[in-house]
Structures are given as C-alpha cells and as structure tokens.
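Shared chain: chain A. Partners: chain B in the first complex, chain C in the second.
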Partner chain A sequence: MKLDPAFIGEAFVKLLSAIPTTLAITFVSVGCGLLLGIVTALARIYRVPVLREISSAYVTFIRGTPMLTHLLIVMFGLPIAIDALSDSLGLSFRSVQVPMIGFAYVAFSLTAGAYMSEVVRSGLLAVNRGQIEAAYAVGMTTWQALRRIVFPQAFAAALPNLSNSVIGMLHGSTLAFTASVVEINAKAQIVASTNWKFFESYIAAALIFWGLTVVIERLTALLEKRVARYDRGGVA
Partner chain B sequence: MIALKQIRKSFGRHEVLKGIDLEVEKGEVVAILGPSGSGKTTLLRCINYLERPGSGHIRIGDCAVTCGHPSKKEIHRLRGRSAMVFQQYHLFRHKTALQNVMEGLVVVQKTPKEEARRRSAELLEKVGLGAKLDAYPSQLSGGQQQRVGIARALALNPDVILFDEPTSALDPELVGEVLAVIRKIAREGITMIIVTHEMAFAQEVASRIVFMDDGAVVEEGPASEFFRSPKEERTRQFLKRMTPEGVYNI
Partner chain C sequence: MGASIDISYVFDYFVKLLPAIGITLEIVVLSLLIGSAVGMLVALPRLYRVPVLQRLSQVYVSFFRGTPLLIQLFLIYYGLPELLKMVHADVSRTPVLVFVITAYALHSGAFISEAIRAAVGAVDRGQVEAGYAIGMTGYQAFRRIVLPQAIAVAMPVFGNLVIANLKDTSLAFSLGIMELTGKAQTLPTLSQRFFESYLALALLYFLLSFVLQKLLYRLERRLLRHEAADGRVSRRAKGRRVKDKDAAGRLNLTEEGALP
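Showing the complex of A and B:
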C-alpha cells in the first residue's frame, strides 16, 4: 500500500468539522478544572479544615490514576447515581437522556482540576508573603488582597504551567472517543473507515492538533508579555 | 493616641513579648531600639495585627482591640488606622509606583480615581520620585522603592506610620535619601513609630526612645537623655557596642 498524499488533504478538510467538539471539551474541562483547582489549592494553602483533607485526597487520587480511567468511571458510575437520584426524587429523568459528551465534560473537568490545583498552588506560593502583608497593612480585606494583589501575580507565575496543562487537556480530549464523542481523532477514524487510509487520516489529525497547539503557544506568549510586563526577571 | 497594654506574644514555647506597655502621643516620633531578637519588630507588627498577640490591649485613636480573639472586622478597623513601611519595601510588584500609592486610596478608602491619582502624584513628587510615576518596582533602586513605600503609607493619611527597619535592606549609599524623606515627614508632625538600627538617625529624628531587650522594655525616655545618660546597665552596654568610640563624647 502506498501513501496517498492527496487523501491527507481530503481528510484534513473533513476533520475540520470536528474541531469545535475538541475545543469544547478542552475549554470546558480547563475552565471547570481551573475553578476546581483554585478552590482546592486555596483550601490546602489556607488549611481549611475538612475541605483541605478532601482536596488533598482528590488531587492525589486523580493524579494517581489515568485520565482514561476517570472517563470510564464517570461514564459507568454517573448514570447509576443519576438514575438513583432521579428515582428517589420521583422524577422521570433517565441517565440515557444525558448526551455522551456530558460525561466527557465531567470526567475531564475532574482530571484537569487536580492538575490545575498544583498549577494554582505553585503560582500562589511564588507570590512573596510580604505582598499580602503589605495589602493588609494598606487596609485591604483578605478577599481584596487576594483578588487585587495575589491572584494577578500568581497568574503571571503560573502561566507557563497553565499553558502546559491546556495543551495536555487538548491532546487528552482524544480519549472522549471512548465515550463515542466524535472529536478530531474519532473523526479521523470515521473518515478512513471507507477506504482504509488510516495512516493518511491520522497524519491529517496530527497536523490539526499541532496547529491548535501552536495557536495556544502563541496566545500564551502574548499573554505572558502582557501580564509579566512588570517583571524582567529570569536567567536569560 | 496610641496605647498598648500588656502585649504578650509567643512563638511556640518561646515568649517574644513579655507584657509590653507603650503609649505614644499624637505627633510623637518614637524610635524602638534593641538588639536583634529583642522583639521590637514583632511588637511593631502586633500594632497592625500582622502578628497576633496572645493577649493585651491595643488602642489607636478611637479604635480599641482586646487581643485574643478579635473579629475580622475589628482587625480590619485597626489596620485602617495605621500604615506600615517594610524593611523589604514590599511594593506591589505588578503595579507602577503611582498605582502602588493609589491602591489603598481607591480600594480601601474609596477615593475617586482622579483625586487619588492627583494626590498620589503629589506624594511621589514630595519623596522625590515625580519622574518615576510609571516605573515598576523592578525598575527602581532599593532607595527609590522604599520612598515609594513611604508615599504609599502617607497616602492613607493614617493616625500613625509604623517603620520596620526602613533602611536595613539598603546599600549604605542609598540610606541617606530614605532617611532624608523620613526626616522631612517627621517635621510635619506625623506620628511615627520607627524600629531602627540607625543610632545617629534615631537620636536626631526621634522625640523619644524605647529600648527593648529580651521581649521587655528596659528603658525609655527623651532621645537627648537616652543617649547622653542611659540609666540601665543593659542600655549602656548596647550603646557602647552600637556606637563607635567617640561619636557621642562631646
């Protein structure tokens, strides 16, 4: 069998329609994950009773298990929970009414949350303790100090790691294929299923992922220039 | 104006402050001296509750707090009465000099932005940084950063400004410019409590000296008397070590 370069182009065009699904999974999981990460990181840094233990257990469990496992557990476990809840409330809602992509959103948000928790934590720890003391001395409340002084600096410090996590989630979103969600990778398989030109199809998928990743890298660089403008640090 | 009563503070089993009493009148400049580890910085940080005293009473103006378990609101109110200048400056690193000074005015005191900007620019002018309004702290020297720190404290128009070793982190050649600014505002009648190692400066600028050792006030008195005729043996030892031979022999 010979390589069919023309089919790479053909597949590429067909795969474009799956980009929104891939991006949706990526950004929903990164968005929810970031919120989850901020809450769990704060709970751990400020040693909030109970919440802190739960957060630590969550982070170590999720980081200690593969992303695919999270998806499978959510995919098979969540319907049972939903149906039981629906029954006990006397509702007619069934888990089959939940679109499959919903399970991917939930599972990957949980995955991203644990990694984001570490990203956020490292960012917060990079901010000098004196910054929040100065904010208190100026008369700010804890929330004002966090929002106006600590978070912007933590964000700047965490940005490289954050970008890494976003790229990780973009590539990880291919696992949604297990839940029969047609993202780029699944689409590549479908496109090739009639003529068996899987190799060409996957090359097209790789090119698209690469392109999306480059876009994320560029956006990060721009953002970094903006938010870290105040700091000309580093070794270079 | 400011009254501290029986302030006690322990770190673990080590008692750092052993029941400190201190009163400061409006317009007074009080310098707290003492060897390292004597608890002077801890005492200063207790006044705005950056350290939580174990027990005691703190009053600044009409705001009184009983230490132990004050509410967040009480702490917040107390902090509103003072401003602090830190040894390591602690300017907000992501904000320009002007934004640093404006921040408290806008966020805490809810001053309209334009007015805050005008007042902040005036204060920076006053500390000699009128040309550096848009510089970030990383672009300023230590002395310049500390002067921004002083302008930030002045902007709040507090009842008292707390100085925590304001020149200890500076290169010797930059100490002078910061002391000059502190001297200038001391003359304007702003109440100040200064923890410092600059003996000559303390003698010149302070109206009263408090000498601390081992978590207690050993001696206090007017600056002139303190340096010329210290009463306690411990004070004499300290002054002898801190001042080069001959400086205070007239």
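Showing the complex of A and C:
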C-alpha cells in the first residue's frame, strides 16, 4: 500500500463537516469552564469559608487526574444519579434520553473549570494593588473598581494562559469519541473505515487541528495587542 | 448496570489496577527519556540559529504542539509502518507499545525543546563569556556551564510535563495497550460496575501524580543546590522573597475591604 495523496484531500473535505461539533464541544466547555473558574477562583481569593475548601479540592483533584477519567466518570456516574433522582421524584425521565454529547459537555466543562480557575486566579493576582487603591481614592465602589480597573488588566495578564487552555480543550475534544460523539477524530476513523486508508485520513485530521490551533494563536496575538495597549511605555 | 453505587468495588478495583501501574510508568519513563533527547536535538538548531534546520525544528514543534495527542497516536500507529516500508523495513511484528512510546516521545519532545529553549535563554550571557574567557570550547561551555544551570531553571516546567505525560498515557488504551485506563475498562466486564472502576482509576492517577510531584519538587531543590553554595540565598529563596515583596504590593481583596 502506498500513500495516497488524493485521498488526503478527499478525507479533508469530508472531515470539514465535523468541525462544528468539535468547536461546539470546545466552546461550550471553555464557556462553562470559565464561569466555573471565575466562581472557584473568587472563592479562593476572597477566602469564602466553605466554598474555598471545596474549590481547592476540586481544582486539585481535576488537575491531578486525566481528562479521560473525568469523561468516563461523568458518562457512567451521571446516569446513575439522574435515574435515582427521577425515581425519587416519580418522574418518567430516564438518563438514556440525554444525548451522549451532553455528557461530554458536562465532563469537559468540569475539566476546563479547574484549569480556568488557575488562569483566572493568576490573572487577578497579577494586578497591582495600587490600582485598586487608586480606584478607591477616586471614589469607586468595590464592584466598580473590580469591573472597570481590575478585570480589564487581569484579562490582559491572563490572555496567554487562556489561549493555551482553549487550545488544550480543542485538543481534548478528541476524547469525545469515547462517548460516541462524531467530532473530527471519530469522523477520521469513519472516513477511513471504508477503505482502510487510516494514515491519509489522520493526516487530514491533523492538518485541520493544526490549522485551528494556528488560527486561535493568531487571534490571541491580535487580541493581546488590543488589550495590552494600556501597558506600553512612553508618552503618546 | 447496577442502579446504586457499591463502594467496596472501588477498593477491589483499586487493588486490581495496581499491577497496571508498571506499564503506565514504563510509557512515561521511556517516552520522557527519548523525548528529552529529541527535545535537546530539536532545540539546538534554534538556539544556535542553524539556517535550514532551525526552520525544520520550528515546524516540528508547531505540529506536535498544534495537533491533539490522540491524532498523533493514530498517525504514528498507522503511518510509521508505511513510511518504514518505503525504506524496506518491515515492522508488522513490532509490538504496539513501541509505536505508543514513539508517539509520546515525539509529543513530549516538542514541549521539552521549548522548555530547554526558554531555560537556556534564561542563563546569563556572561556565564558563556566567562567560559570562553578561561579557554573553554563552545561545546565545553555549553555542557559544563550552560546546561547544568538551564536544567535547574527548566525543572519546574519539566515537572509539569512529567505530570502531563502521566495523565496523557490514559490515551494509550485507544491502541489497545493494557495500562491503567485500558485495564479499568476491561475489569468491570463481568460485574458491569464501570463507575466504581473509573472512580478507582481516577483515585490512582491522582495518587500517582501527587507522589510524582513531591519527588520532582525534591529533585528541583537538589538541582538548585549550586545557587546556595557560596553562602548566599538560593535562587529559589531569592525568587520567593521577590515574589513575596511583589505579593505585598499586589491585590489582596480581603485586606482591601472587598470582603466583608
């Protein structure tokens, strides 16, 4: 068997249809993860009594275990919980009715949440304390100071880490094939299974992921220029 | 599937998973050893700005950092035999584990090369110049002066890579390797207690990464010994002091009164 360059192109076109699923998994998990990350990061920075310990335990556990185990645990644990809950409430809802991609969303959001928590925390801690003092000095309330002064600077500081996390989640979305979600990786397998040209099919998949990663990196670089404008020296 | 959760299965599976640690660690250790060598080779052209090779290693690093590990695993598993066939090497009898370790080595090689590049950049230029001044050759200065310091600087990043690599080995099951994850998927076929099995699996990974992290921290401290040799504070301690000083000037929301 020789390498078939024509099939790489053919597989590439077929794989394009799976990009929306991959991007959906990535952005849902990053979006929910960011919310979860902000909550857990704030709980740790503000030292909220019970919430702080829970957040720390959550972040430590998730960061210490592979993303795949999160998916497996959610995939096999959540149905047990859902069924038990609907039984006790007397509902006829069964866990089978939940689409498989739902479990992927939940699991990957939990994964992303822990990593985002660290991203948000380091971003917030990177803002100089004098900034918030100055905000108080001009009469801002705490919320105003956070929203207008701290968050924009924290975002600029956290952007490189944020971009790395997004790329990590993009790459992690390939695991969704274990939940029989047809994203790019699963699609590559399906495309190849008809003629056994796995190598060509995976080359096409790799090219798509490489392209997506480069796009995210470029967008981040552009955004970085924009949000870090305040941070340059000089007078003009 | 059992409707309820039986915690005794978690312990049972935890014990049954223990023998599979061997193969997981085998992948981690071998791939990191090969990966370090690859990373070193890939970093050198970029450090010394070798014309064409520099470009090549850039592409290599970009590719392996820009594609998911799972795709790389399949790519090497299906592609390497094809490529080797072109040079008339038959690898159809080679165990799958070899391909898996190759994939992990190439993957971590890309990340290690970036770590090395950053670390060498962090070594003071005057160190190399001093090396040349006392008559060392370029190789001697690199090996005796730059590398030991760079390794110490790169240690925290390398530690993170080791942990990441450990967690990434969970993907090897997709090629049928019976490491921890593969084992955890086959153990409950009779009992159908998958949830308990995966819980035990997560616990085991957590313990492994915890222990590894402690070991790496020790190693890191040992490598930074030379910083404290002449009675001064070690770089780590210095770094910490700087950080603490910084932290004092940084946002502390509790003290700001943002917290009631």
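Assume the second predicted complex is superposed on the first by the 232 of 236 C-alpha atoms of A that agree within 3 Å, B and C clash if a C-alpha of one lies under 4 Å from a C-alpha of the other, contacts with A are read in each partner's own complex, and residues count from 1 in each chain.
Convention: a residue touches a chain if its C-beta (ideal position, glycine included) is under 8 Å from a C-beta of that chain, and two chains touch if they have at least 3 such contacts.
In this text, all values refer to a predicted model and were calculated from it rather than measured experimentally.
By the document's definition of touching, both partners, chain B and chain C, reach A:G130.
When the shared chain is aligned, chain C comes close enough to touch A:L68, but chain B does not. In the superposed model, A:Q144 makes contact with chain B only, not with chain C.
After overlaying the two complexes on the shared chain, residue contacts for A:A84 are found with chain C alone; chain B is out of touch. Of the two partner chains, neither chain B nor chain C is touched by A:F12. Contact with neither chain B nor chain C is seen for A:Y115 once the two complexes are overlaid on the shared chain. Using the contact criterion defined above for the overlaid structures, shared-chain residue A:I45 touches chain C, although it does not reach chain B.
In the superposition on chain A, contact of A:Y105 is made with neither chain B nor chain C. In the superposed model, C is the one of chain B and chain C that contacts more residues of chain A.
When the two complexes are overlaid on their common chain A, residue A:P152 makes contact with chain B while staying clear of chain C. When both complexes are aligned on chain A by C-alpha atoms, chain A residues 128, 130-131, 133, 136, 142 touch chain B in the first and chain C in the second. On the chain B side of its complex with chain A, the touching residues are 48-50, 72, 76, 79-80, 82-84, 86, 88, 90-95, 103-104, 107-109, 136-139, 152, 156, 162.
Put simply, chain C touches chain A in their complex at residues 1, 3-5, 62-63, 65-72, 74-75, 78-79, 82, 163, 167-171, 181, 184, 194-195, 198-199, 201-202, 205-206, 209-210, 247, 249-254, 256-259. Those residues of chain A that touch chain C in the shared complex are 1, 3, 45-47, 61, 64-70, 72-73, 76-77, 79-80, 83-84, 124-133, 136, 142, 146, 150, 167, 170-175, 185, 188-189, 198-199, 202-203, 205-206, 209-210, 213-214.
Of all residues in chain A, only 128, 130-131, 133-142, 144, 148-149, 152-153, 156, 227, 229-233 touch chain B in the complex they form.
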